[in-house]
Structures are given as structure tokens and as C-alpha cells.
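Both complexes shown next keep chain A, but they swap its partner, so chain B is in the first and chain C is in the second.
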Partner chain A sequence: MTFRERLQAWRYNFVPDHVIGEILSKRWTDNAIPFIALVVTVATFGSLIPGFFKLYSLQESTRQLGEFSLVVIGLTVVMLGGGIDLAVGSIFALSAFAAVSTFFILEQPVWVALAASLGTGLICGAINGYLIGFLRLRAFITTLVTFIIGRALYDILVVAYGSQIQMSMASSDTWDFIGDGTVLGLSVPVLSALILAVIVHIALTRSRPGWHVLAVGGSRRSAHNAGIRVRQTVFLTYVFSGLCAAAAGFLIATRLSGAGPGTGLGLEILALTAAVVGGNSLGGGRGSVVKGLMGAVIVLVMTNGLIRLGYGTGTNQMVLGILLAVAVTIDIRWLKNRHKVLNEVYVAPVYLRMGETQSAVPGSGTPFELNNRLSAADPIGLGELEGPEDVILDREDNLYCGTRHGEIVRFFAPDYSRSEVFAHIGGFPLGLAFDKSGNLLSCVGAMGLYSISPQREVRKLSAETRRTFTSVVDDAVLRDPNDLDIAPDGKVYFTDSTKRYDAYDWALDSIENRATGRLLVYDPKDGSTRTLLDGYRYTNGVCMAHDNKSLFFCESWACRIHRYWLEGPKAGTAECVIRDMPGYPDNVNRASDGSYWMAWLGMRTPSFDLSLRHPGMRKRMARRLPQDDWLFPNINTGGVVKFTEAGEIVATLGDLSGQAHPSVTSMREHKGYLYIGGILNNRVGRYRIEGADTGWTGNDSYWGVRS
Partner chain B sequence: MGGNAWTILRSLNQERIVLVVAVLIFGAAVIALPGFFTSANLISIVRSISVLGILALGMSVVIIGRGIDLSMVAVMAMSIAWYLQLLGDGMTEHSALLLVLGGVLAIGLLNGILVAYAEVPAIFVTLASGSFVFGYVRSQLITSDAVPVPTGHWVELLGGLRLAGIPVEVYLFAVLSGAVFLFLRFTKWGRYVYYAGDNPVAARNIGIPVRPMLVLRYVLSALIAFAAGLLTAASLHSINTRIVNSTLLYDIVLVAVIGGIGLAGGKGGVRNVLVGAALIGIMLNAMTIIDISLLYQNLIKSTILLFAIIIDGLLNPRDEQTAQQGDI
Partner chain C sequence: MILDPILDIFRGRAITIPPPDGAFHPNTALDDAKAFAELPDADNLCRAGDRLLASSNDGLYALSDERAPDRIETFPAAITALAASADGTLAVALDDGTLTEAGATVELPSGVGCITALAYAPDGSLWLANGSDRHSVSGWVADLMEKNAAGSVWRRAPGGSLTRVADGLEWPYGLLPDGDGAVVAESWRHRLVRVGTNGVRPVLEHLPGYPARLSPAAGGGAWLAIFAPRNRLIEFVLQEKHYRHDMMASVPREFWIAPALSSGNSFLEPLQCGAIRSMGVHKAWSPSRSGGFVVRLDADLVPRSSLHSRANGHRHGTTSVIESGGRLLVASRGGNCVLAGEAL
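Our next item is the complex of A and B:
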């Protein structure tokens, strides 16, 4: 190995590039940018302004923050529902006026003032909600206009009643407490904002109405089709926002004990900037209360900080304008390009030097030498089937296979010309096995381990195992369950080929070549699933040895067969039985003469083997070329190989024509015939094996001869 | 006979309704308000809506192309304020004008590029840029809220200019209306504005340069705002930057929308602006003569705008097929 190659191996096998893609695929990365902005803002202004972090200073500035946060929470909910509410600025002012006038002019108790201001918010919110939700007007322009109307009304009211409010002698301890007091060091506005934030967060993430809001924001039409009352949901978001703004208005009324022409001025653009800077998406569906709160802190610290640092008129508007433009642009670009970025960085190939192999070329004289025997196989279901990855036969000789449409199809003995859909599962049914009582078990790609009773009842057995401690992406989920076999005690041993890709992206896994395949066991007694082995390059076929003391499993991209011991001195360990084969192994099944059949889904090529030694090249390929131009493993030629328990190759079957069975993913011996499946094939092949035991069946071999 | 009435009813679109209403209000004002139907007052009506109308022309071109420009008033006031400040600081006429025009162009380009190429909704871009323009100019470039026109400067002379007793801005409004009319109706690019506004994706598919044209429209509206600012400064002999926080912006939208230019884009023309401007001008003048206070005028105007938008929303419902993400 050259020094350069060794460097490559270290670079790509020890630097965890794949983690970047996994982190980017997490939703919480959306919070990273606003969070960093938050830390930077607070740190900057905290260090520039003397006494910023003093308790009294914090209590005073957080009062305003509490009121502002209430408004932002309301606006966030509206934005999540796909709308926008600029009217919060005037609702805030109007409800502050309602509270002040009720308290000082009408001299009513505090709770009446609270009710008056909440009522104001409710009415204003309902008007907005009606116009936008039910009349389906444009949210932005409509709330802009209702905002102006509200503001004009407020200006008129303040001019008319302002002096009367100032002359009033009304006072109340409760009123003063709400305005000035603290509970456990927290002022009332902060406390109410916190409580509301927790409630709204739980409501949005864990309650039906909250989900409805997010669904409507995510896609109005889909939400409508799903039976959600879209208009009513939109209506309610505006009502809620109105109430939030009203609560904030009530709080500022108690704090200032008055209402002047400046109350709530510019609040709408502040709140809008806060919600967007926090990372809530325009157009809805994406965002959270936490983001709104982060945005509120950023915007308020920044604007107040600029004032306290003595910058003149206009600076705030300038900074807000920049903030808003930058945040909206980032939001739009990120939403639009996130999946592109993810696609580019997700594939993170590793270095692998494949061992020298023997040739499989016809006439080469090696044990692997391929021939043309499979081209003589009789087709079953030709043209009707799409993707029979695995095939199996029951005790009545009927043939079962999965299809890419998520169905299990049954062909009836003896001539297999009639078929029916035995069961519909969904996903992509791959490996098949019968258990002792005749249930058909299947590893369903992208779904999990399923069982179908003879009465065709589909039941999920397992869809997850235990999550590993260091995983970034949840690896408890079975992304690509591939093949299974069943031990005499009923335990199901099965493989999950990769943690990195979904079942239909198996080809991407071959490019990356990262060892993330697992061998798992499902215990029907307690329904638990455990991971036995981890870290193989695409674990695939599983087969119980004839004596049931061990099992064989394939490692496709490494071209190896391993043996996992269930009993005996080596129990719980795996050893490699066959290495460096010229083909990529798929399923393994028992043969009648005590040996085993193995399917080859494709053949190694010198070019792909070479590319495995150049992970940098594969990375560039995955980034720069369209997928059609990528170098993939060759799956245009495959075959069937027979091997003994000791790992000796005794026979090969191939189809050199490339017509009938170019790529073989499974084969099953039954009464002297071999039934052949291929994941990309349009048929099941039936091949008569010379000199095989014509009475041998898999069911008898596993579960004994039934009398 | 019934068929005839039905035809008349069917032919009533928003523009005609507004025209009828304007004529009715005009008639009522002539009868009820003494001093309304005098040549001096009529000239003052036309003059008062000239600047508004010019701004509305710029806004209309943007709205027809399915956009909106909320930065117009900020650009109008702040560019002139900066210009006058530069002149007051002793800069030469040419370099001051070039500098300010460069700034106006830059804002128009910035708006257009963000809308066209970054695909940010116009309403956010222009809201943000309006706030930025006001804040930047106010805090960095000028020293006080109001900036006076230097005595003897051509802007001052422009304000006093009269042809046949009619102030010059009225002529300018007429000329600009004609130019925009010709542009929208008879030039290829003018027609493209309608196609792009009606269905941007389809317009792009048939090969119209949708994005460069979007940029062009925002540049155009910024330049028109600058022209309107010059006229304002000319008639007032100074520019007060507080106008940015007034309801002028909504008056512009009001003129465009009430005249029948649908916010959904692709509809309307110069005639709609004229009709809208006529109604608003007559109304404002009548309200001033009746002596309704400015606060109540705001309330009335904004309520009318709300109803205009409701009617617009009912007449031109949003097309969910061509609506963009975040186009709210």
C-alpha cells in the first residue's frame, strides 16, 4: 500500500464526514443559526453596556421583554398557520387603552379592565380571522389595513380621553402589583410569557388543534383534503394572536398606568422581525415558540441596546430593516436549498481495499466459473411480476414472492400459471420464511419485520431495535430489513442492511460503502428485538445451518459469507467462512444435499474495486455528477453458487445471455427444482436440478415432515 | 328589456363603479359645499392628487407585475432629503444629483434582485428596505427631520412654475400617465408586465425574461418615487422625513386598489389609477372643506381601503395554483 493510499484510508475512514450529513438532516439544526445570533447579540451588548447583567436592570428590561414575547408568541402561531398578523401593533395599543380607560375613567376593578382588554383583542382578532380565514383575503395587506384602522381609532381615542385618564385618582394594589411587583424575582410579564410559551409549545407539538395549525401552514390543500377545517383553523390563529397582543397590552397598561400616542408604535415590525429572525418560516408549517422567543430576545436586546448606546434617530429602523431582510432571505434560501445541500454532503464514502479474487469468467477453470445453465429456467409470472426479491414455497407447493408494489403474490401449484395477491403489506417485501405454524414472515424494506398468517392477517412483529448511544440519526429504526430465517425455538434472525439509507437507496450505500449493516434477533416470546452484530458492509441473506447450531449471513459489499454461532464454544461470535468472492452475495438458503445455495446479485468489476480505494473520487462523483452517470456495482450479471458448510464452492449457475436472470437475489430449492428471484426481474425462474432429492422441501427441512 | 338591464349590470366592473361613485360625490360636493366648484379649488384638487397619482403610477406597474413596493415613500422622502442635505453642505449640483440617483437606483436594484433572484416575497423585501432606507439616511446622512430647499435653487423655482395658471406638477402627472400608458399598452415589455403578473411561471416558460423585468419594475418605481419627491419638495420648499411614518404609503395603495388594479396582478392600467386618484382627491378635498380632522380622515380612508381590499379579494380571488410559498 502506498503512502498516499494509506493517507486516503486514514482520511476517509477515521474522519467522520457522515456525521455532517446526519446532523444537517435533523430538524433542530434550523435552530442553530438563531441560537448563535442570540448568543452573539447578548454577548455583544452585554459587554458594551455597563450594568447590562445587573439584577435590577434585567428585571426592568425583561418586563418589556415579557410583553413583547407575548405578542411574538401570538404572531408565531399565526405564521405557523401560514398567515401573518401586522395588526398586533394596534390591537396592543387598543387593548392597553381599553384597560386604562376601564380602570381610570370607569373606575372598575382590575379584573374588569383585564376582561375589557382581552375582549378588545378577541374582537379585533376575530375580525382579522374572519377576513383572512373565511373571506380568504391576503393576510399581509389585510392586517396592514386593519392595523392602520386600529391605529387611527387609537389616536382618536387617546386625543379624546387622554387628559381624563391622567386626571383620574383611581388606584389599586393589584394593578400596581401587576405593573411593578415580582414573584420569585420574576416580573409578572415574564412569568406570563413563560407560562404561555410552555402551554403553546405543548399545544403545538402535542395536541390536535396545534397539529391542525401546523398542517394548515405546511400545506393548505393537503390539510383540507385530510379533513381539517382550514378556514376555521386560520380564523382561530388570528383570534389567538389578538388575545396574546391584548394580554401584552393589558400588562403595559398596568406598567405605565396610562396610554400615550407612543404606545405600541412600531411594534408590528418589531414583532415581525423577531418572529422571522428566530427562524419561523414565512408561509407556515415550520417554526416553534422557542424560535419566536429567541427572536424576541435578539430583537429587543438589539434595539434597546442601540438606544442605550446613544445611537440617534433612525438607527433602529436601519438595523431592523437589515435584520428583517437578511433573516427572510436566509429563511427562503435555506428552505429552498436545504435538501440540495443535504444531498451533496450526505454521501460520505470510505476507503476499502477489496482482496484479490478468483475469476468467474467462463472457461477460467476456477470454482467460481460461471455457465449458462440458468438461461434454461422456465419463467413463472413473466411480465406480471415486478421485483420478486425472494421466493418461497408452502407445504402445498404454492409459490410466494414479494413485489415492489408492497404485495405478496401467490402462484398456485402445480403449473404456477394462476396467481393472486396473497396479502398487501406496503413497503417492499424482501426476505421470506415460513415459521412452524405456517405463518409467512417477511422482512419488508423501509418498514420492518412482518408476519402474515395463513388467513392473510398481516401483523407487525418488529420495526425497531435498541438505539445506540452515540447515534445522531435514530438508528433504532429498521431502514432496510433484508432477509430472515427462523430458529427451531421460534427466534427470528434477520438483517438490517444499512443505517444510513432507506431501502430504495441501497445503491447509494454501495457507493458510500460504510459498514453499518446489522444482524438482529426477534424473540416472539416477549416481542423484543436485539442487535447481535453491527458494523458490516450491507448485511444481506440469512440462513440457519442444517444443524441449527449456527447461521450463515452475507456481507454484500465486502463479498463475504460469515457464520454466526448460536451454540457451542464460539456461541455469540462470528467468523468469516468465504472471503473475496467475485460476486456480491445476496440471500442464502438450504440445499437438499446438506450444502447451501447463495445468490449473487452482481459481479465485482476491477473499475468499481478501484473506485473503492479512491473515496475522494466517489465523493466528487456523488457531488458533481447526476446519479445516472455514477459508477455503481455491476448488477447486469449474477448467478447462483452452491457452497458447503466448510465454505467450499461446489457448483455455480449463471445466465450469460443476460435475458432471464441477469441479477439473482434469491433462490429456493423445492422438490428437485430451484426457484429463482431477482429484485429487478420480471419473473420467477424454475430450474430443474440434476440429481437432486425430489422429495426434499424447505418446510420439511426446518419443521419436520408433516404426516 | 330585462336582458338589457342585465347587460348593463354585467358591464359594471370596479373601475366603472368607482367612476360613478366619484362623479356622484363630485356632484354632491358641487351642490352641497360652497366654494367647492371654483377653479381655484379644482386646481388644488388636481394639484393635491398629482404627487399621489405619480406615486400610484409607479406602484401600479409593480402591482400589475404581481408585486408591491412598500419602500416608495421612504425612497421618495429620504432621497430628496439626502439630496437637499448634500446641496446644503455645499456639494455641486451635478455630483449631488448623480450620487442621489445612484443611491435610488441601488435601492431599486436591491429590491428587484431580492424579489427576483432570491425569491423573497416583495412585501417583506420592500418593508425591510423601506425601514432601512429611512433609518440609514436619517441616522447617517442627514442631520434633522426636515431639510429645506436652498434658496434660489431650481427645485424652488419648479414649485412656483405655472403654465396657464396650472401648477407644473399637474402637467408632469399628465405626461407621466401618458408615458406609462404607452409603455404598458404599446410596448412589448409593457405587455410582458401583464403576462408576468398573470402567471409568472407560464411567462417564464414561454421565454419572457421574467426576472430582469422584475428588477426593472422596482428600479422604475424607485425612480418615480424620486421624481415625486422632487415635486413635493418643490411645492413645500422643504422635505419633512416624518412623512415616511404617515399614511401616505397606504394612500398610494388605496389609489391603486380602489381604481381596480387587482393585488393578484395582471389586471388594470393607467385609467384605473386616474379613476382612483380622482375619487380619492375629491374625497380628501371634500373632507377638508367639511373640516373633518386629520385623525378622522385617516380612519375613513383606511376603512375605505379595507372595503376596497375586501371587494378586490372577492373579485380577484387568489389563484392557489400560481401562488408562491410565502406569498402572503
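Our next item is the complex of A and C:
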């Protein structure tokens, strides 16, 4: 091995590149940029301004922050619903005026003032909501108009009644407490903002109305098609925003005990900046309350900090404008390019030097030598079937296979010309096995382990195992359950081939070649699933040995067959039985003569084997070429190989013409015939095995002869 | 994205190939065409007087409508190029680097041993394309994968000796003399150039494949045979120095990630994702190492139309095309036949 190759091996096998892709595929990475901005802002101003973190200073700024956060939460909800609300500033001012005029001029109790304030917000929000939601006017123009009108109204009212308010002698302890007091060290605005934030967060993430808002913001049309009342949902978001602004208006009214011309001036821009800087998408559908709160803190700390550092209003507005511009740019660019970045970095190949293999070329004289015998197989379901990964036969000789449409199709004996959909599961049914009582168990790609009773009831047995401690993406989920077999005690041993790719992208896993395949066991007694082995390169077929003391499973991309011991001195350990085959093994099944059949889904090629030693090349290939141009293992040629318990190869069957059975993913012996499936094929093949026991069936072999 | 030019420095530029569009609109004309003659490794076609000749390995064959190809001469090595002058003189180049003209060996300058194409100009001068000074013609894949630019074009004026007209070419593979110069198919650079007294000037660039031999068309213009399509994976491998060198050192040549005259014959050949046989279908558009294309160029050498054998076809490795008696004859080296089609 050259020094360069050794270096590559270290570089690509020990640096966890795949984690970058996994982190990027997480939704919470959207929070990363605003969070960093938050930390930087607080740290900067905290160190620039002496006494920034002093309690009194914090108390005062947090009061303001509480009120502001209420407004931002309301605006966030509107933005999540796909709208925008510029009227929050004027609603805020009007409801503050409503509160003070009720309290000071009309001399009503505090709760009436609160009601007046909230009522103002409700009406204003309802006007916005009605115009935008039901009359379907443009949100931007509509709220701009209501903002101008509201502001004008407020200016008229303040001029007319300002002096009356100031001269009033009304007072109340409650009013003063709301304006000045603290509970457990927290001021009322902060408390109310926190409570509201928690409620809204739960509502948005875990309640029907919240999901409706997100759905409408994500895509109005899809939401409408899904039966969501779009107009009503939009209406309610504006009402909610109005109420939030009104609550904030009430709080500032109690704090300042008055209303002046400056109340709520420029608030809409501040709130909008906060919501966007926090990472809420202007397009709707993406965002959260937490993001809004982060944005609120950033904006307030920045504006207050700039004022305390002695900068004027102009500078302040300028900084806000720039902040908004940067946030909008990042929002749009990120949204647009995130999946591209993810696509480019997700495939993170590792180094592997495959062992030298014996040739499978016809005439090479090795046990693996392929031939053209399978091309003589009779087709079953030609042109009707798509993707029968595995095939199995019941005691009445009917044939079952999965299809890529998520169905289990049954072909009727004896001639298999008639078929019916036996059950619809969804996903991609792969491995099949009958249990003792005749239930058909299937590993369903992208779903999990399922059982179908003879009465066609589909039941989920398992879809998860224990999560590993260090996983970034939840690896408890079974992404590619592939094949299974059932022990006499009813335990189901099955494989989950990869943690990195979904079932439909199985071939991509060969490019990456990362060892993330698992062997799992499902216990029907308590319904639990345990991981027995982890870290294989695409675990695939599983087959109980004839004596049920061990099982065989194959590791496709490493071209190996392993034996896992269930009992005896080596119980719980695996050993490699066959290594360095010239083909990639898939399913393994019992043969009538005490040996085993193994399917080859494809063949190794020298160019692909070499590329496994050049992970950097594969990584660049994945980045720079469209997927259709990527180098793959040769899965246009496969075959069936028979091996003994000791790992000796005794027979091979192939279809070198590639016309009938290019890639073989499974085979099942039944009464002297071999039934052949292929995940990319459009048929099941029926091949007569010379000299095989014409009475032997898998069901008898597993569960005994039934009279 | 605006940052792409900066990111490209670190990740390399996206690899693109010209789309099969316009005159290169995909069709199945070559696969639909009638096989005029079955001939293993049918390579260079030429018309000598009233005889139609084709080369196949070391044999020279006469083709006719009535009979199977008739072997008229056997040479000590594979024939790599053929040409006949107006008076019927036949020039034959062999893979061992020799050139015979009317049976007599022609003295070649040193460095000329890889004759990929021969042509007689109307004035009687002989043009000769030397693919590379590092490989014989049969070593063409290695020359491409080594990224050599060691080809040259020579001319022998009537009564004169061979003089070099151009060098530094990347595998000149087709010749079309006109006036005092010649149009040359420069294969590894996917283009046609005009060589002559004014040096080398590109006349047609960004071909979607590797151009091979040229021949004049009736009614002006020319026919161009393209023996393999461009393939993004191959172009990528050409940029991957370490992988490419390891591949050339350790992988048998027929299994390289490189253009080929025919493909899909062995499961040891490289396979690309798009070429996976799915539901019994090998997609016509799939990336392929081999293909067959014949292009009609007008008098200004602008492509006008083309005939294809696509990824799922078999008439691949089209290295030579001539128009004869109102018919178009195409040698498909990968398809082991000579095709006859109506001239476009």
C-alpha cells in the first residue's frame, strides 16, 4: 500500500464526514445561524457597555423585551401562516390608548381597561384578517393601509385626549403592580411573554390549529386540497396577532401610565426585523416561536445597545435595515440552496480495499464460473410485476412476491398465470417468510417488519430498535429492512441494511460503502426488537441453518457470507464463512439437499473495486456528476450460487445474456423448481433444478410436514 | 449561485457535455438501417475505382450487393487506414506502423507509426494522420487516458516527400483534404480543425462524441463518423489523476472507464447508474461508453443532421462512413457490420 493510499484510508475512515450531511438534514440547523447571531450580539454589547448585565438594567430592558416579544410572537404566527402584519405598531398604540383612556378618563377598573385594550386589538386584527383572509387582498398593502389609518386615528386621539389623561387622578395598585412589580424576580411582561411563548410553541408544534397554520403557510393550495379551511386559518392568524399587539399595548400603558405621540412608533419594522432575523421565513411555513424570541432579543439588544453607546436614531435605523437585508438574503439563499448543499455533502465515501477474488468469467475454471442457464427460466407475471425482490410459496404451492408498489401479489398454482393482490402494505416489500401458523412476514423497505395473516390482515411487528448513543440522525428507525428468517421459537431474525439511505436508494449505499448494516431480532413474546450486530456493509439475506443452531447472513458490499451462532460455544458471535466473492450476495435460502442458495444481485468490476480505494474520487464524483452518471457496481448481471454449510461453492446459475434475469435478489426452492426474483426485474423466473427432491418445500423444512 | 466561481476552486467545476440537440437530435436510424455486410471489426471504408473496399483486422475485403464480403488480401498486421487515389492507387496503413502504396512500402519519417487516416487530395497529394507518436493505433485508449497531444498531420505533394503540416494534435482521426489544406477530426478534443499553411484553426467544436473519419458528401459538405459518445464519468476520470493512473496500471484495458467501440459484453465492464437494466429495459438515453453516430456536415461544416445508434443499440463504434452510388455506407466496428442507408 502506498503512503498516499494509507493516508486516504485514514482520512476517509476516521474523519466522520457523514456527520455533516446528517446534521444538515436536521431541521434544527435552521436555528444555528440566528443562535450564533444572538450569542455574538449579546457578547458584543455586553462587553462594550459597562453594567449591561446589572440587575436593574436587565429588569428595565426585559420589561421592554417582554412587551416586544408579545408583538413578535403574534407577527411570527402571521408569518408562519404565509402573511405579514405591518399594522402591529398602530394596533399596539391604539390599544395602549384604549387602556389608558378607559382607566384614566372613564376611570374604570383595570380589568375593563384590559378588556378595552384587547377588544381594540381584536377588532383591528379581525379587520385585517377579514380583508386578507376572506376578501383575499394582498397582506402587505392591506396591513400597510390599516397601519396608516390606525396611526392617524391614534395621532388624532392623542392630541384630543392627551391632556385629559395626564390630568386624571385615577390610580390602582393592580395597575401599578402590572407596570412595576415583579413575581419571583420576573416582571409581568416577561412572565406573560414566556407563558404565551410556551403555549404558542405547543400549539404550533402539537395541535391541530397550529399545524393548520404551518400547512397554510407552507402551501396554500396543498392545505386547501387537504381539507384545511385556509381562509379561516388566515383570518385567525391576524386576529391572534392583533390580540398579541393589544396585550403588549396594555402592558406599556401600565408601565408608562400614559400614551404619547411616540408610542409604538416604528414598532412594526422592529418586530418584522426581529421575526426575520430570528430565521422565520418570509414565505411562510418555516419558523418557530423560539426563532421569533431569539430575533426579539437580538434586535432589542442591538437597538438599546446602540442608543446607550451614543448612536443616534439614524444609525439605529440603518443598522436595523442592514440586519433585515442580511437576514432576508440568508433566508432566501439558504432555503433555496440547502438541499443542494445537502445533496453535495451527504454522500461521504469511505476507503475499502476489497480482497482479491476468484473470477466468475465463463471458462475461468473456478467454482464461481457463471453460465447462461437462468435464461431458460420460464417467466411468471412477465410485464405485470414490478420489482419482486423476494418470492415464497405456501403449502398450497401458491407463489407470493412483493412489488415496488407496496403490494404482495399472489400467483395461483399450478400454472401461475392468474394473480391477485394478496395485501397492500405500502413501502417496498422485500424479504418474505412464513411462520409456523401460516402468517406471511415481510421486511418492508422504508417501513419495517410486517405480518400478514392468511386472512390478509396486515399488522406491524416492528419499526424500530434501540437508538445508538452517538447517532445524529435517529437510527432507531429501520430505513431499509431487507430480509428475515424465523427460528423455531418464533423469534424473527432480520437485517436492516443501512442507516444512511432509504430503501429506494439502496444502490447509493454502495458508493458510500459505510458499514452501517445491522442484524436484529424481533421477539414475538414481548414485541421487542434488539440489535444483535451492527457495522456491516449492507447486511442483506438471512437464512436459518438447517439445524437451526445458527443463521447465515450476507454482507452485500463486502461480498461476504457470515454465520451468526444462536447456540453452542460461539453463541452470540458471528464468523465469516465465505469471503471475497466475485458477486454481491443478496438473499440466502435453504436448498433441498442440505445446502443453501444465495442470490447475487450484481458483479464486482475492477474499476469499481479500484474506486473503493479512492474515496476522494467517489466523493468528487458524487458532487460533480449527476447521479445517472455515477459509477456503480455492475448490477446488470447476477446469478444464483449454491453453497454448503462449510462455505464451499457447489453450483452457479447465471443469465449472461442479461435479458431475463440480469440482477437476481432472491430464489426459493420448491418441489424441484427454483423461483427467482429480482428487485429491478419485471418477472419471476421458474427454473427446473436437475436432480432436486421434487417433494421438498420450505414450509416442511421449517415447520414440519403437515398431514 | 454567486459563490460558485469561488467554490469551484475547492470542489472543481461541474462536468458538462454538449447535449444531443439540434442536428444531434437522438434517433435510431443506424439501428434501423439494413446491414449491407457482416464483417467483424469492420473499420475503414473506401472506394477504389468501381470497387468498394473495407478493412477488417488484417484483411482487406471487397463488398458487393450480391455476395458476402470477399477477402482480397491479407496483411501481416491489422489495417488501420485505407485510401484510394483517383487513378485507383491503394494506400494501406498497418498497425505495425508501415504504409504501403500500390503494394510498395512507403518510407516514413521517424515518429510516424500510428496512421489513423489516409486521404488523397484532388491534386493527387497524399494526406496522412498520425494519431500519436507514443502508441500504435490499437493503443488508442491508452493515448486518450494518458491525455497525450502527440498527433500530427502530414502531406506528400505529388512527387514530393512527406512533410509535417501540423503537430500537437490530440489524436487526429479523420482527414478531408480541400484546396491547400485539410479538415482534420481531432478526436480527444471533440472537434474538427482546419490545418494548412495558416496553422491549426478550429472549425467545429463541442461535438457530443469522439470524431473519427471524414469523407466528402455528394452535393458538398462532408460526412463525419463519431465512434463513441462523450460521457461525463469518463471526462471526470480524465481529471482524476490518481485514480486514472491506478486504473491504467491495474485494470485490464477493456474494462477501463474509457470510451469503447462496443460495450455491455462482459460483467466486468464499468456500469453507470443510469445504465442499470430496470424492469427489463435498458434505457436508450443512459450513459454509455460506446455508441454510433454519423453526422452530415454542410459545405460550411455545420452539422445538419445525424444518424444514431444509442445506448441500447448495437451499431456502435462507427469509425468510417462514405457515400457511394447514392447510398450511405457506415462501418460499425463495434457492431461487426457495414450498414447501408439512403443518403440524407
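By our rule, the second predicted complex is superposed on the first by the 706 of 707 C-alpha atoms of A that agree within 3 Å, B and C clash if a C-alpha of one lies under 4 Å from a C-alpha of the other, contacts with A are read in each partner's own complex, and residues count from 1 in each chain.
Rule of thumb we're sticking to: a contact is a pair of C-beta atoms (placed from the backbone, for glycine too) under 8 Å apart; a residue touches a chain by one contact, two chains touch by 3 or more.
Treat the numbers as computed from the prediction; the structure is a model and nothing was measured.
Visitor: Between chain B and chain C, positioned on chain A by superposition, is the outcome a clash or a fit?
Guide: Aligned on chain A, chain B and chain C fit with no clash.
Visitor: Where does A:414 make contact in the superposed view: on chain B (first), on chain C (second), on both, or on neither?
Guide: Touch status of A:414: no partner.
Visitor: Pick one for A:603: touches chain B only (first), chain C only (second), both, or neither.
Guide: Only chain C; A:603 stays clear of chain B.
Visitor: For A:153, using the defined touch cut-off, is the partner it touches chain B, chain C, both, or neither? Pick first, second, both or neither.
Guide: First partner only, chain B.
Visitor: Which partner does A:322 contact after superposing on A: first (chain B), second (chain C), both, neither?
Guide: The answer is first: A:322 touches chain B but not chain C.
Visitor: Should A:568 be classified as contacting the first partner (chain B), the second (chain C), both, or neither?
Guide: neither
Visitor: Go through the superposed model and pick first if A:138 touches only chain B, second if only chain C, both, or neither.
Guide: First partner only.
Visitor: Output check: A:185 vs chain B and chain C. Expected answer is one of first, second, both, neither. What do you get?
Guide: Touch partners of A:185: none, neither chain B nor chain C.
Visitor: Angle chain B-chain A-chain C between C-alpha centres, in steps of 10 degrees?
Guide: Given the fit on chain A C-alpha atoms, the answer is 80 degrees.
Visitor: If you stack the two complexes on chain A, which partner ends up touching A:662: first (chain B), second (chain C), both, or neither?
Guide: In the superposition, A:662 contacts chain C only.
Visitor: In the overlaid three-chain picture, which partner chain does A:310 touch, first (chain B) or second (chain C), both, or neither?
Guide: A:310 sits against neither chain B nor chain C.
Visitor: With the two structures placed on a shared chain A, what shortest C-alpha distance in Å links chain B and chain C?
Guide: 9
Visitor: Based on the A-chain superposition described above, do chain B and chain C contact any of the same residues on chain A, and if so which?
Guide: Overlap of chain B and chain C footprints on chain A: residues 333.
Visitor: In their complex, what parts of chain A are in touch with chain C?
Guide: By the definition above, chain A touches chain C via 4, 333, 337, 344, 360-361, 370, 386-387, 507, 603, 605-608, 610-611, 613-614, 617, 620-621, 623-637, 656, 658-659, 662-663, 680-683.
Visitor: Along chain C, where are the residues that touch chain A in the complex?
Guide: The touching residues are 1, 11-15, 231-233, 236, 240, 242-243, 246-247, 250-252, 255-257, 264, 266-280, 286-287.
Visitor: For chain A, which residues count as touching chain B in their complex?
Guide: Touching chain B from chain A are residues 82-84, 131, 135-142, 144-146, 148-149, 152-153, 155-156, 159, 220-221, 269, 272, 276, 281-283, 311-322, 324-325, 328-329, 332-333, 335-336.
Visitor: List the residues on chain B that touch chain A in their complex, please.
Guide: Its residues touching chain A are 68, 114, 118-121, 123-125, 127-140, 145, 247, 250, 253, 263, 295-296, 298-299, 302-303, 305-306, 309-310, 313-314, 317-318, 320, 325-328.
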